[in-house]
Structure formats: C-alpha cells, structure tokens
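See the structures that follow.
Okay, so chain A shows up in both of these, paired with chain B first and chain C after.
And then the complex of A and B:
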C-alpha cells in the first residue's frame, strides 16, 4: 500500500458517517414521497445530530454511557478493518461485539422498555449473526480466503470479460447480507428492537442529548459498514468498473430496503428467528454444500 | 445564531402528553402527522419519549392524580425545551375548571410557553403553535425575548 492508497482509505473512513447521514436523509425524504408527503430536508439527520449535541446532558448512570461509547468504538474498529482490507471474520465479530455492548447498555438502566429492547436485540443477534458469519464462510469457500485483499484478487467468475463478480456465484450469501442489512439498520419488517411507538425506541430509550447523538453516529458508521459488506459482492480488476459496480449494487440494495421498509409491517421477534432458522439457515447451508461438492469436481 | 441554534429550530421533536382530557386534541395532534398536514417537513418527529423531546404538547386539564406525572415528564426532558398547552382545557382547565379532581390548566403545574385554544384544536392551529414556540426559542437564544410585564 502506498501513501495515496492509505490517504484514500482514511478519507473513506472519515466520510463514512456522512454517507450514513445522507442515507437516512434520503430514506426519510423518499419515504415521505412514497406516502405522498413533502418530507423533511435532505440534511435532516444532520440537523437532528447537531441539535442533540447542543442539548443539556442528563445521565442515568455512567456505565450506560461507557457501553454507548464501546458500541461506537467497535463499529469504527470493524469499519477500519474493512477499509484496510482485513479479515471478514474479525469484521463480523467486531460488529457482533458492538451489538452486545448496545444490549448491555440497554440492560444497565432500569427502564422496562430498554430491557425489552435489549432482549429483542440479543435475540435478533442470535438470528442474524450466524447467518452473516456463514455468508463470510461461503465467500471463503469460493475465494479461498477470509482476507478482503485476497478476496478481491481471487474471486474469479468470468462474466463478459469482467473477472470478478461474487454476486453471481453466491446469490444466497448476497440475500443473507441484505437481510442482515435490513435488520441492523432497523427497517421494517425487522425494526424489532427499536420499535418506535411499540416500545418507544427500545435500546435507545434512556439515552438523551449528546449521548443519543453518539449512538446515532455509531448507527451511521454501522450503515456504512453494512453497505461496504454489500459492495464485496462486486469487484473487478478494472478500477472504474469496480467502483461503478459497487456503487450501483449499493444503490440497488438501498432502494430495495426502502421499498421493503415502506411496504411491510413490523413482525414479532419470534417471526424473525423462525425466518432465519427455517429459511436463511437451510439456504446458506445448501449453498455451502453446493460449493463444496462443485469444488470436489462431482458436478460442473 | 450558530449551527446548533439553527438546528434546534429545524428539528423539534415532540411528545404529546394527555393529562386527563377527552382525547379530542390528541386525535388532532396525530392528524398533524398525516400526509395532509405532514409536520415532518419541519423536521418534527413524534417521539413519545421525554428524554428525546424538545417540545412537550400537553392536552387536557391537569387532574390531581396526574400532577406528579406531568412534573416528572417535564423534569426528564433535557433542555432547551418548550411546553405548549394544546386545547382550551390545557390552557385554563376549560369546562373542567374548579372541578374537585382537577388542578386547572397546565400552567398551574409546569411553565407553559405557548397556549393554543380550541375545542378541539385545529391541526393548522397546532402547527402554528409549534412554529410560534420555535420563534420563542429563537428569541430566547438571542436573548431578545421579554416576558409580558417585564
């Protein structure tokens, strides 16, 4: 890696929350348009963030805040590893750790809403994290490595002369990553742990003012990380095709998530777990078995 | 006016509290969220959680049982905050004034910034009231607001 390469990576890291902020802005605007409303300005999440930073601090207890910062720190760590082309498994576990800290923070206060949110958050992790890790395993089986730089280099799948499109060889893993993105961005039908108006805002109910803003910042980073995860599924040895493909893929997934969010109602937590165990898990196991069989040369 | 102060005016999150009214004003508040009135275009979100709230919309006359709840909710709201009394009952107690179980208007319990009369209030009036409350917040920030009689 040369200096310019590292500079670009650092720039991407700094721009990651801006991307997350813009995502939620576009999300709110498009949702409003889909409901035939005018909707807030595009930079509304930024105004919310600034406002929250300027509010007076009301602290429930200090450990609550430590967990909030730990959540953000582990998300930033995961994104940092991703941008330095690190190990996919480490990224998955770092993401998982951040979610655990979020749940622990919600458990550290006495609000029953917060506790319900934390319980749901843990169950949601049980449903989604194994799928995400198995998706990483399918990528490993296909490309021979968990390390991103090797994945980019080795994921060979000939398609119109472009060398590397994981999307076509691993459609099931891609589906699972989209599912994880919907769950982790708290979109319908899986906005279970922060269900607004049902359990107010679940895990975030006791955070207020600047500390709520910090968790929002973490959420922006998380979103960037998930979309970065989606973008693994398209890479090419030609730089501009690679970048254009990644952006197109991210945008398509973004629109898909928005449409799903606006056209579905919230499910209960056991429906998410059932969905994950009955549909997600068998699908990805079938995918793994197929890859193993084809690599042994039995078919194809 | 710096960025934070500008943001405050662009993102007032509301919580509506019914202190013992007939639910008429609450329905009108919820009507503001519908596509016809669309208060989200001002950045207003209905949070239902005092800890995330900037604007408290209080409806109904304050019953004696509800006094400590209202005080508690007010104290849990981090500042800067504004309180809006929505509806005639919240403004003065309305037809329930001087009832044995009613304390009176909201201003008997917590300081109120804006009064919106009406039975029930029109959604347009609620939007006007919130905008007026933001105007007050702006002037408070600039230090130019003078209470009547000061």
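And then the complex of A and C:
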C-alpha cells in the first residue's frame, strides 16, 4: 500500500458518515416526493445531528451510554477493517457485536419499549447475521479467501474484459446482502425493532440530545459499511471501471431499498425470522451447493 | 531437577491432603489443608510448565517403581478395587445398568492384565499438551477449591466434600500425565467416582437420581475405554500412548479401538446424546459444577481426543463423523439454551456446545483446527469457571437460581453484575480467546467441501450463543431508578472475589497477550504431531493463514468505549439524570422477565429429535470402520 492509497482509505473512512447522512437525506426527499410532499432539505439529517449535539444532556444511567459508545466503536471497527482490506468474517462478527451492544444498551434502561425493541433487535440479528456470514462464505468459496485484498485480486469471472464481477457468479449471495442491508437500515418491511409508531423507536427510545446524535452517527457508519459490502460484488482491474461499477451498484441497491420501503408495510418479528429461515437460508444453501458442485467440475 | 517430585506433588499430594481432610473433619483444618494443597498445586503446575519449556519437548518419566513401592502393581490393585466398588454401588442402588457396566469393564481389563504385563515405559509423559491440562486443572481447580471453602462453610459433610474435590484434582492430573493407557484408565475411573460422589453430595432424591445417571453414562464410556485397551494392544502392540501415536496401522480394523476411545470421550465430555448427565449435575453444589464444567471431568474427554488426534486423522471417515458430532452438538445446544430460565442450565448447554466445537476441531484434524481446539479448551476453562462461580454467588447472595431472578442485579449487587457481564463478554465478544477459537473453527471448516455443513453449524451456533447470553445480560442490566438513599451493597467475601477476579483477570490478560499463549503453550503442544502451528500473534494482530484480527485495536476501542462515557458522566450534573419515558403509565410494578421462546424452541422437544440423530451418527462412527 502506498501513501496515496492509505490517504484515500482514511478519507473514505472520514467521509463514511457523510455518505450515510446523505443517504437519509435523499431517502427523505424522495419519499416525500413519492407522497406528493415537498420534503425537507437534502442535508436535513445533518441539521438534526447538529441540533441534537447542542441540546442539554439528559441521561438515564451511564451504562446505557457505555453501550452506545461500544455500538459506534464496533461499527467503526467493522468499517475500518473493511477499508484495511481485512477479513470478511471478522467484519461480519464485529457488525454482529455492535448489534449486541446496541441491544445491551437498550436493555440497560428499565423501559418496556426499550426492552421489546432490544429483544426484537436480537431476533433480527439471529435472522440476518447468519445469512450475511453465509454470503461471505460463498464469496470465499468462489474466490478462495476471506481476506478482501485477495478477494479483489482473485475473483475471476470474465465479462467483457472486466474480469472480476462477483455479482454474476453469486447472484443469490448478492440478494442476501441486499436483504441484510434493508434490515440493518431499519427500512420497511423490516423496521421491526425501532418501529416508531408502535414502540416509540424501541432500542433508541431513551437516548436523547448528544447521545442520540452519537447513535445516529453509528447508524450512518453502519449504512456505509453495508453499502461497502454491496460494492464487493463489483470490482475490476481498471480503477475507473471499478469505481464507476461500485457506485452504480450501490445506487441501484439504494433505489431498490427506497422502493421497497415505500411500498411495503412492517412485518412482525416472527415473520422476519421465518422469512430468513424459509427463503433466505435455502437460497444461500442452493448457492453454496452450486459452487461446490461447479468447483468439483461436475458442471463446467 | 528430576520430574518425579513435581509429578508426585501434582498427583499424590492433593489426594493425601484430601485424605487428611477426611480424617481431621474439623472446619479449620479442612480450610487450612485446602489452602496448602491449592498453593502447592499451583506452584507445581508452574514448575512443570518451566521444566517442559526448558527441556524443549516431552519429558519421559519412569515411575513403575518408586522408592521401593511397585507403583504399577499398586495401581492395578487399586483399579480392581475400584471396579468392585462400582459393582457394589450398582448393587446398593439396585441399578441394573451400573451393575452391567461395572462387570463389562472388568472382563476385558482383567483378561488383559492376566495375559500381559501392565507396566510400560515411560509411565508418565509430560509434554506441552499435558502441561496445559495440568495448568488448567491445578490453577483453576485450586481457585474453585478456595472458593468452595467459603461456599460450603455451613455444610454438614465438608470433610467428605473436600476429600472428593481434592481427589478429583489429583486424579485429573494423573490422567493427563499418564502415558500408560491402563493408568489413564484408572485415573479416568477415579474421576467417574468423584463425579458421582460429588453430584450425590446433597443426598436429596434428585441428587441421587442425577448422580446415578452420571455414573451410568460415564461408566458406559468406561466400558468402551476398557474394551479399547486389549484391542489397541492387539493392533498396535503396545499400551503406551506415545508409541501408539507413532504407529500408523495398516489394518482398517485398528480404528475400532480409536473409535471406542472417541465414544468414551463423548460420554465424558457430555456430547449429544450423552448430554443428560451434565445437565443433571447442576443439582450439586456450585463449586462442583464449576469443577466439572471447567477444570476437570468434561475436559478429560476432549483432552483424550486431542491427544489421539494423529490416530484419528489417519481414518478420514472416522474424523469426519467426529467433526459432525461436535458441530451438531454445538448448534443444537445453542438452540436449546435459548429457552432456558435456570442459570446453571444455560451454562451447562454452553459448556456442552463449546466442547462440541473442540470435538469438531479435532475431527477437522488440521494443524490450524487442532490449535483452535487447544485455544478453545484453554479459554473456555477460565471463562466457564468464572461464570459458574458467579452463578454460585448469585445463588448465595442474590438468593436465586433463575435468570429472571437476576433482574436489575446491576443495582442490587453491582460488583457481581459487572463480573457476570465481563465474563459473558470474554465468552462471546471479539477479540477474546473464545471468539478467536470460534472464528478459526469457522474459517477452517470452509477449507473442504464436505465440511461446509459444519460451517453452517458454527455460524448458527455462534449467533444463537450471542442471543441467549445477551438476553440474560439484558435482565441483569435492567436497573430500576436509583432510590434517594441507596442501601449500601453488602460486600462479598474475599474468598469469593479473589478466585473470581483472578479468573477474570486471566481471561482478559491472556486474550490481550495471545502471542505468548500461542508460542509457549499451543505451539509446542501441536508441534510434535503437526509441526508448526499456523496461528501467530504479535499481541497487536492475530494471524492465521486464512485471515487476521486486529486484536489490540479492538481492546483499545473497548477501553475507550468504557472510559470515555465514564469521563463525560462526571461532567453531567445530577439533575440531568432523568427517569425513563413512561407514556403516561406507572412502571412501579413493572416486571420485565424477558423472552425465553419456550414455545418456539422447547429444549425437551429438540432433545427428542437431536438424540436419535446423534445415535445414528455414533452408529455410523463405529460402523464406517468396517466399510
């Protein structure tokens, strides 16, 4: 890695929350337009964040805050490992760890809303996390490595001279990653643990002022991480094709999420789990079996 | 220095102290003797560690005759006594399986002893794997014994209790150091006896029932072991463990005894379908549970498996089935633990599952997976002992055996609650040792297509593990608002806190300084059979050939996440602490209880499905050899 490379990675890390912020801005604007409203300015999430940071501090207890910080720390860690071209499984587990901390934070206040939110959040983790890790396993089976630098180097699926598009060889894994992204961005139909109209934002109900802002920051990082995950599915030897492809892929997924969010109603948690076990799991197993069979040379 | 003295101190000294405890019978001397024996054991284990380290490999020690005592014959005589004692217990309990198993053990054993001379050289073989076990048994075991001095202070039968506890430690040390399979078998049976006696301690109907079940299952395993001994001599020509491992037998049938030993190890380590005895064992006083789950009993099974790994590895089908049994156990127990309300039952399922993971790693049988197995064994012992000791204090100070009873413990007994939280974190959070082990197991299981089933088991098992541990912690943490004048929490006894904090410090310290653990313990233990261990750690990053974890960075993040808010909290005025949002309702009578999903994943129903599957797997395990 040369100096410029490292500088770009650090820059990407710093810009990650801005990306998340922008995502929610565009999301709100587009949603408003779909509903025939004018909608807030594009940078509204950032204005909200600034305002929250300036509010007087009100807390419930301090363990609650420790877990909020741990949540953000582990999300940043996951993104950091991603930008260091690290191990996919470690990235998935550190994303999982951040979810555990978020749930523990919600558990550490004695509020039924918060607790229901935390329990739902855990179940959501149980439903989605294994699928995400299995998607990582399929990437490993296809490329022979869990480490991102090797994945970029080794993924071979020739397509019009661009020799590395995982998307075409692993469509099911890609679908699963999109599913995970929808769940983790708390978008309908999977906004179960923070259902604002039902359990008053569940996991986040007791965070306020600057501390709520910190959890928002964590959420922005989380979003960037998930879109980074999506972007693994496109890479190329030629730098500009690689960047353009990754951005296009992310944008397509973003639009897809928006459409799904606006056209569906919230599911219940048990239906999410069932959806994950009955549809997501069989799909990914089929994908793994296909990879194994094709690697054995049964199918060319 | 010769190794005879430390070996005697590790094996015979605790037994001697135990006998003295039994003879003196008064509380003062029992406490003193337990302390002395703990101190000596800890020192001895460290001495053995240094000796093996200096020697640069295994130490062969011949003790068939020592100071004029024919040790070998003595052990044979004691072994025969033990067999007859089991028979006597069986007759007294009027328990047919016990009687049958006791007799079945005698037949191959006595036949073998009548045909062959029982002594082999060397009688003890002390290498790094044995030293890791001696360290676990002696240090963690001793800490548990110290804890038990306080825990059992009002018990009527302390003399008997401490006799068996110390005998247990001696027998475990004997078992892991023995190179002679007959001696190993003898110590193995002594641990069975100790386990039975300690579970039975309370003498309630339930205790007797559980103890009998434990006896039947582990004696059944003993039968498999006893059958394996003459067969091993038949096919390998020796009952010396190191000689057996040096031979690669030509005959496929030679794997029958190996499979039998694996079967025996499964009973000892409570793998499915033999898990019921360990679940029943929770009726025993908590120090006993802690000892069974972390320092002794269950570790012996996986130790023997790890030790036999080179022989297992020669039969690919056998090792595959062993891996499947382990992975299956890990997954199913994690699922079953989700619905448990009793603290010790959750912990028991967690133990069985983690041992399953170790068994799976042995079955995968590569240098990396073997290293992961030893790593898991090492870190699991510390974290699980800590969790059990905490559960004991919760029982004595918090007066509850249920997870629901721990609701809001962060306010009532903060020290204990924080310990429990930290202990659980060392069990599941990255980058602690247990996580590293799981991560390596997961990645190593993707190396061969036929192992991908295990990848699924590990992934779902790990995620479910975080589910059941997190929702438990959730109840511990859900504190009610602070009252105006909070009652001063009653301080915990030093005899509780010192062992607990030592274990916690150990679990954290060795996770942070993983480098020396790998280079001093795991590397040398794997080296003789598998060459260099592929794991490395420079304490900053943990590397395997498949990936890496930035461990130091994560520890720094954890410290920052804990202390940054703590620092900010000081600047927050007291008025800023507000009650939770009530939505106009009254939360005074609020009981949270949590969710246990008893309807969705009831453990009894899962057991009904899991046990037949596991039995089929075992039949395959014993059957594939004939193919």
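Assume the second predicted complex is superposed on the first by the 300 of 300 C-alpha atoms of A that agree within 3 Å, B and C clash if a C-alpha of one lies under 4 Å from a C-alpha of the other, contacts with A are read in each partner's own complex, and residues count from 1 in each chain.
Just so we're on the same page, contacts are C-beta pairs under 8 Å (C-beta built on N, C-alpha and C of every residue); 3 or more make two chains touch, one makes a residue touch a chain.
These figures come from a predicted structure and were not determined experimentally.
Q: Give one word, clash or fit, describing how chain B and chain C relate on chain A after superposing.
A: fit
Q: Using the touch definition from the top, say if A:41 reaches chain B (first), chain C (second), both or neither.
A: First partner only.
Q: With the two structures laid over each other on chain A, which partner does A:290 touch: chain B (first), chain C (second), both, or neither?
A: The answer is neither, since A:290 touches no partner chain.
Q: Between chain B and chain C, pick out the one touching the greater number of residues of chain A.
A: Touching more of chain A: C.
Q: Quick check on the superposed pair: does A:206 touch chain B, chain C, both, or neither? Answer first, second, both or neither.
A: Touch status of A:206: both partners.
Q: Calculate the angle at chain A, using C-alpha centres, between the directions toward chain B and chain C; round to the nearest 10 degrees.
A: 110
Q: Of the two partner chains, chain B (first) and chain C (second), which one does A:30 touch, if any: first, second, both, or neither?
A: Touch partners of A:30: none, neither chain B nor chain C.
Q: Answer with first, second, both or neither: which of chain B and chain C does A:70 touch in the superposed model?
A: Touch partner of A:70: chain C, not chain B.
Q: On the A-aligned overlay, A:22 touches which partner chain: chain B = first, chain C = second, or both, or neither?
A: In the superposed model, A:22 contacts neither chain B nor chain C.
Q: Please indicate which partner A:243 is in contact with in the superposed arrangement: first for chain B, second for chain C, both, or neither.
A: In the superposition, A:243 touches no partner, neither chain B nor chain C.
Q: After lining up the shared chain so the two structures overlap, which partner does A:56 touch, if you call chain B first and chain C second: first, second, both or neither?
A: The answer is both, since A:56 touches chain B and chain C.
Q: Closest pair of CA atoms, one in chain B and one in chain C, after superposing: how far apart in Å?
A: 6
Q: Both chain B and chain C touch chain A; at which residues?
A: 56-58, 200, 205-206
Q: For the complex, give me every residue of chain A touching chain C.
A: Residues 56-63, 65-66, 68-70, 72-74, 76-77, 80-81, 84, 86-90, 93-94, 96-97, 100, 103-104, 107-115, 118-119, 122-123, 125-126, 129-130, 133-134, 137, 140-141, 145-147, 200, 205-206, 285, 288, 292, 295-296.
Q: If we count contacts the way the header does, which residues on chain A are in touch with chain B in the complex?
A: Its residues touching chain B are 28, 32, 35-41, 44, 46-51, 53-58, 196-197, 200-201, 205-209, 212.
Q: In the complex of these two chains, what residues of chain C are touching chain A?
A: Going through chain C, the ones touching chain A are 408, 410, 428-430, 435, 439, 442-443, 446, 449, 452, 455-456, 459-460, 462-464, 466-467, 470-471, 473-475, 477-482, 546-550, 553-554, 557-558, 560-562, 564-566, 568-569, 572, 576-583, 587, 590, 592, 594-595.
Q: For chain B, which residues are in contact with chain A within the complex?
A: These residues of chain B touch chain A: 3-8, 10-11, 13, 35, 38, 40-43, 47-49, 51-52, 54, 76, 78-80.
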